[in-house]
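Below is one structure. I have some questions about it.
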Amino acid sequence: MEYVIFGESHGPAIGVTLTGVPAGLELDMDFIQRQMDRRAPGRDALSTARRETDVPTVLSGVFHGRTTGTPLAAVIPNADQHSQDYRDLAHLPRPGHSDYAAFVRYGGANDYRGGGHFSGRLTAPLVFAGAVAQLVLAQRGVKIGAHISEIYGVSDAVCHDPAQLLDLRDKPFPVLDDEKGEAMRQAILDAKAEGDSVGGAIECAVIGLPAGLGDPDAGRNVEGIFSHHLFAVPAVKAVGFGAGVAFSYMRGSEANDPFAVEDGAVVTRTNHAGGVNGGITNGMPVVFEVTLRPTPSIALPQQTVDLDDLSETEYAVKGRHDPCVVQRAVPAIEAAAALAACQVLGL
Amino acid sequence: MEYVIFGESHGPAIGVTLTGVPAGLELDMDFIQRQMDRRAPGRDALSTARRETDVPTVLSGVFHGRTTGTPLAAVIPNADQHSQDYRDLAHLPRPGHSDYAAFVRYGGANDYRGGGHFSGRLTAPLVFAGAVAQLVLAQRGVKIGAHISEIYGVSDAVCHDPAQLLDLRDKPFPVLDDEKGEAMRQAILDAKAEGDSVGGAIECAVIGLPAGLGDPDAGRNVEGIFSHHLFAVPAVKAVGFGAGVAFSYMRGSEANDPFAVEDGAVVTRTNHAGGVNGGITNGMPVVFEVTLRPTPSIALPQQTVDLDDLSETEYAVKGRHDPCVVQRAVPAIEAAAALAACQVLGL
Amino acid sequence: MEYVIFGESHGPAIGVTLTGVPAGLELDMDFIQRQMDRRAPGRDALSTARRETDVPTVLSGVFHGRTTGTPLAAVIPNADQHSQDYRDLAHLPRPGHSDYAAFVRYGGANDYRGGGHFSGRLTAPLVFAGAVAQLVLAQRGVKIGAHISEIYGVSDAVCHDPAQLLDLRDKPFPVLDDEKGEAMRQAILDAKAEGDSVGGAIECAVIGLPAGLGDPDAGRNVEGIFSHHLFAVPAVKAVGFGAGVAFSYMRGSEANDPFAVEDGAVVTRTNHAGGVNGGITNGMPVVFEVTLRPTPSIALPQQTVDLDDLSETEYAVKGRHDPCVVQRAVPAIEAAAALAACQVLGL
Amino acid sequence: MEYVIFGESHGPAIGVTLTGVPAGLELDMDFIQRQMDRRAPGRDALSTARRETDVPTVLSGVFHGRTTGTPLAAVIPNADQHSQDYRDLAHLPRPGHSDYAAFVRYGGANDYRGGGHFSGRLTAPLVFAGAVAQLVLAQRGVKIGAHISEIYGVSDAVCHDPAQLLDLRDKPFPVLDDEKGEAMRQAILDAKAEGDSVGGAIECAVIGLPAGLGDPDAGRNVEGIFSHHLFAVPAVKAVGFGAGVAFSYMRGSEANDPFAVEDGAVVTRTNHAGGVNGGITNGMPVVFEVTLRPTPSIALPQQTVDLDDLSETEYAVKGRHDPCVVQRAVPAIEAAAALAACQVLGL
């Protein structure tokens, strides 16, 4: 399954085309809409005031409620646009945002309104595509769960059993320890009150992938395949599998996962490897953590450069912005993981 | 430039084919050999006792000392093989290693001797390919440097100027602060003495890539492209760009890199973004850190499973192994970065 | 530039996503619409009675009338649908059509109405994409023209100068020799009168590609790249470059194109090679001919198999069908050629 | 299975890397060598006097005689080189050959000796790769056969049953009708006597591919996949499936293949479609014909241009050349078909 995500924050519509979808899959639109709703803005004090209903229309690839196997296209209209908020962005790039890089990349032709194609809004079609992928995976016994593992230095409880993550899907703020969750929310509100933003991390598990998928080489390597999809989620700046960055202060005797037999199957007693050895799944859950940078759009004044005359100047971002994107990114990370898992399965 | 790395640790030869090499490049074999030598084993007390001269033979793609533009193949013979050390691996997978995953993946047909195609020895052709890529990049003013940023919890000095990293190439143990380097070496020797191993991290910078390369979408995203190449280096388990995992405890006002003008060009005052915004280069050095797991092969006894009868048993790895692969992985990470940078440049 | 064409003949809409479009291109919608109109049905006695206005709506990738460089999506609504004509197709595959192959491929989940995703109607988004590609090419001095070279054994005049083909664009029935064209039309009308259909061929030239593009190897070979796009046009069954199948009765002394110098540039006196030697452009026009099979949907009764009970039966296709698709396929072949030429140029 | 063919006619060696080979396949080196021998030069009066034994050495990807599933590399040394024959080619491009296109493509850095990477000699590693692919296919019940269907206007008997082609493998001159074969050989010898060369065609069948493989869209289309591999075989200039170019003078009632039931399976009574409808296999043999241009290297004097000073001049090719490559190309076409069939099968 390959996907092309299209659209701009303030264009007529956003959407996605999905190719290689297995034929005959019942497209559970309720499930898909629930995933979309988890991501949609305007639901509480933590997110942008922009309201979008985010109801996708399927244009192709579905017949009598089932996938046809030919390309599936879905479109989500853009409704609540305040384009006038963005007039300055044509020449005043926001620090930390893609404005300047995109200006150079596209020779100034990019749609800068609301970040255009770089907007977090583009995670809506990603979540759609990922929901389709999760339906495909469900048929094969593969499930995906995630939690907010950290926000602005506040860590959630350590996840000892990835299966726990599957139950968090209906939580508006998916953490294992709600007290930690409350502290995270407070950190977000504090930042918001000061016109600032915060970063964080999401831990995600893909449960049920059989052992023996992938290859060591570039392009077929399971960790590389996941990263390919994950780094395309806006704000993701780091990806680690299993113990991740903690490997740098571990010894082999501690890091190695002892093999054992359980119900006639080979398992590992620990899962520091995050389910992948040598680029190949080992049958344990594929577990990874992604780090998301703080929202670059903040109300505080920042140093920038006027691209019209290359003068240095100050700029305070106007418009509606999330003080933290981590909680809304959870379904997007699950979506990217689902699309990666399909690729790992050769779908 | 695409590459196929082939070979097994104890087969007749290892090597690489490189396609899409720009034509007419003088193939500086001295430079290439120096890179190969940095990686070669048997140079000091820190590495495996296996000795390989690692002199590549170019079979195609070079004429009169210059690249022809058609596929370049290079072969490195395997010399010092102790295959008998590995007889047990056919049925006793080493914890933390790819043995079990590969056994399932290839139905037991994989060459298990010395890890076969999963051996760290396969970084030799990677370093060859990366050295070719660095020659290509040098013509375009792009340079690459790296240092060992951490080993078993001992951190090198913070790198404030990526240009410093370019000078470390000739150091056998490339760190900015040699006292820290000495502490790292001691940590490795301590682990070795105890039959154990340690993990670590490498920070790498690609200097000179112009702004405006890449795209936000999966497959064209600069961070995704680098990860694609980096996760194929054995032992790499995490990749972070710029501030990386530290973004999770930062605020936007701190994380955002203020724009400024220097010599008529737009720059950023800090480089927390690691040279990439929205998947596109911004003209600052592309800086990233990779975490490498401790060598899984350790002399200490470990729990494993006999694949012949699925009985649980204990196993102590025999043979020659590096107590730490980080120092020898530095040129491999530079190589992967060089190949990634060529892809980002559209080469 | 990569494209995903989506939609089914009787679904809500058809369309295309285009990625990698160069930024800053003025999207001349008049030109695009003219190309779409050349393909649209219902214009004369030769084509199906189905009427579609085929006006595309651009959903993304265009801002202030210029391409942004991020994915461009266009949608064409389906209007004049007569789905009831197709009820039998669920179990009675039409000989020569994709019905049976698709039934097996998609396990019966494909949208069979009007051929679904296999309908000639899907050339509408292809022509859209190709028109965008032609605008990209025009900026680089590359032009494309084509003529109907044969219908049911009636051949057009031999094209001695590919530049002639550029002038045929506005002809409803693009041939060099209108008398031959009249004979072709008569052959089509004769077949129609008998409830039958006819096949034919289209010769196409891409003028202005510089020498030195492509590579001999699979995947980069110019002829392979063109074929990749051309065989995806419905009904195309053969592709030949330059002298094409005539090479099988030629001698080398006749087939070889003598080199000469014209205006300081190397040219060939003849162009039997069709502008490609060894998979690489030689600077002469890239000329090729595609053969299109007769429309499989005919009114005459044919032998088929009822897939419900595997009984042999007879079937006469109902509904509206073109007795010949060649004349309407001309802009589709030009579109595929334009998309191929962009790929050859590395766009 | 993907392959990279490397090497130059007069370099140290030629070879191939194959990735994605299924693990555990017994590598029948006798079969492989027989295929290589069918292609090898110097066997009779029809081919070049160059003698090469063409014995491949496998460097990786095989362990205990079976494929490991990791990249397989094979090398064939170049032995009988007469490089001095080619000194002129650096500046005097041979008409009909790739010399000029390659000169521009690679800026003069290409190895021009004997055509370098463009030499017909590069079909040796292709035949190796194809032989591996045929072993993979044999496990899945898929077989490939081919015959010379035409040389310089002399046609072989029409092949009414593709299974006949499987028996031709051991014939040095694989035709159905040996009298026609004798006439073809005479046409070749006549051309040789006059310092000239001739072109021809090969018809090939892939038998045993199940229905339901492929997709209509570019990149997944069965005809497109085959063409991708076939046009990379030197001298191939046209590819047609089933009735191929004959479709242009057929009616639908004649071209359509009637469905029938045989042994409980859906079949077609004729196979004008060449086993493919709408880009998808229909279960009948995939049959195609390729046209090969006459060998461009001929002894007769030809017009060319001296690239040193752009003066027009005459040139007669020296060295050893085949007056016809068709008979030696048969195993190369089978090899390309085998690699294509593996891709179609998702291998």
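As written, the chain order gives the labels A, B, C and D, with residue 1 at the start of each chain.
In this section, contacts are C-beta pairs under 8 Å (C-beta built on N, C-alpha and C of every residue); 3 or more make two chains touch, one makes a residue touch a chain.
Note that this is a predicted model, so its numbers are computed, not measured.
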Exercise. What is the graph distance from subunit B to subunit D, where chains are linked when they touch?
Worked result: 1
Seminar exercise, completed: Quick note, more Cb pairs in contact for C-D or A-C? It is C-D
Seminar exercise, completed: Distance between the CA centroids of subunit B and subunit C (whole Å) is 46
For this session: Would you kindly tell me how far, in whole Å, the mean C-alpha position of subunit D lies from that of subunit C?
Result: 27
Problem set entry | Euclidean distance of C-alpha centroids - subunit A vs subunit C, Å | 39
For this session: Can you tell me which residues of subunit B touch two or more of the remaining chains?
Result: 4-5, 19, 69-71, 105, 117, 215-217
Seminar exercise, completed: Within their complex, subunit D touches subunit A through residues 19, 69-71, 215-217, 346
Seminar exercise, completed: Listed in rising order, subunit D residues that touch subunit B in their complex are 4-8, 11-15, 17, 19, 23-24, 57, 59-61, 63, 66-73, 75, 105-111, 116-117
Seminar exercise, completed: Touching subunit B in the complex, subunit A uses residues 3-5, 93-102, 104-105, 117-118, 122, 150-153, 191, 196-201, 211-219, 221, 223-224, 227-232, 234, 236-245, 247-261, 264, 266, 268-269, 272-274, 276-283, 291-298, 300, 302-305, 307, 310-312
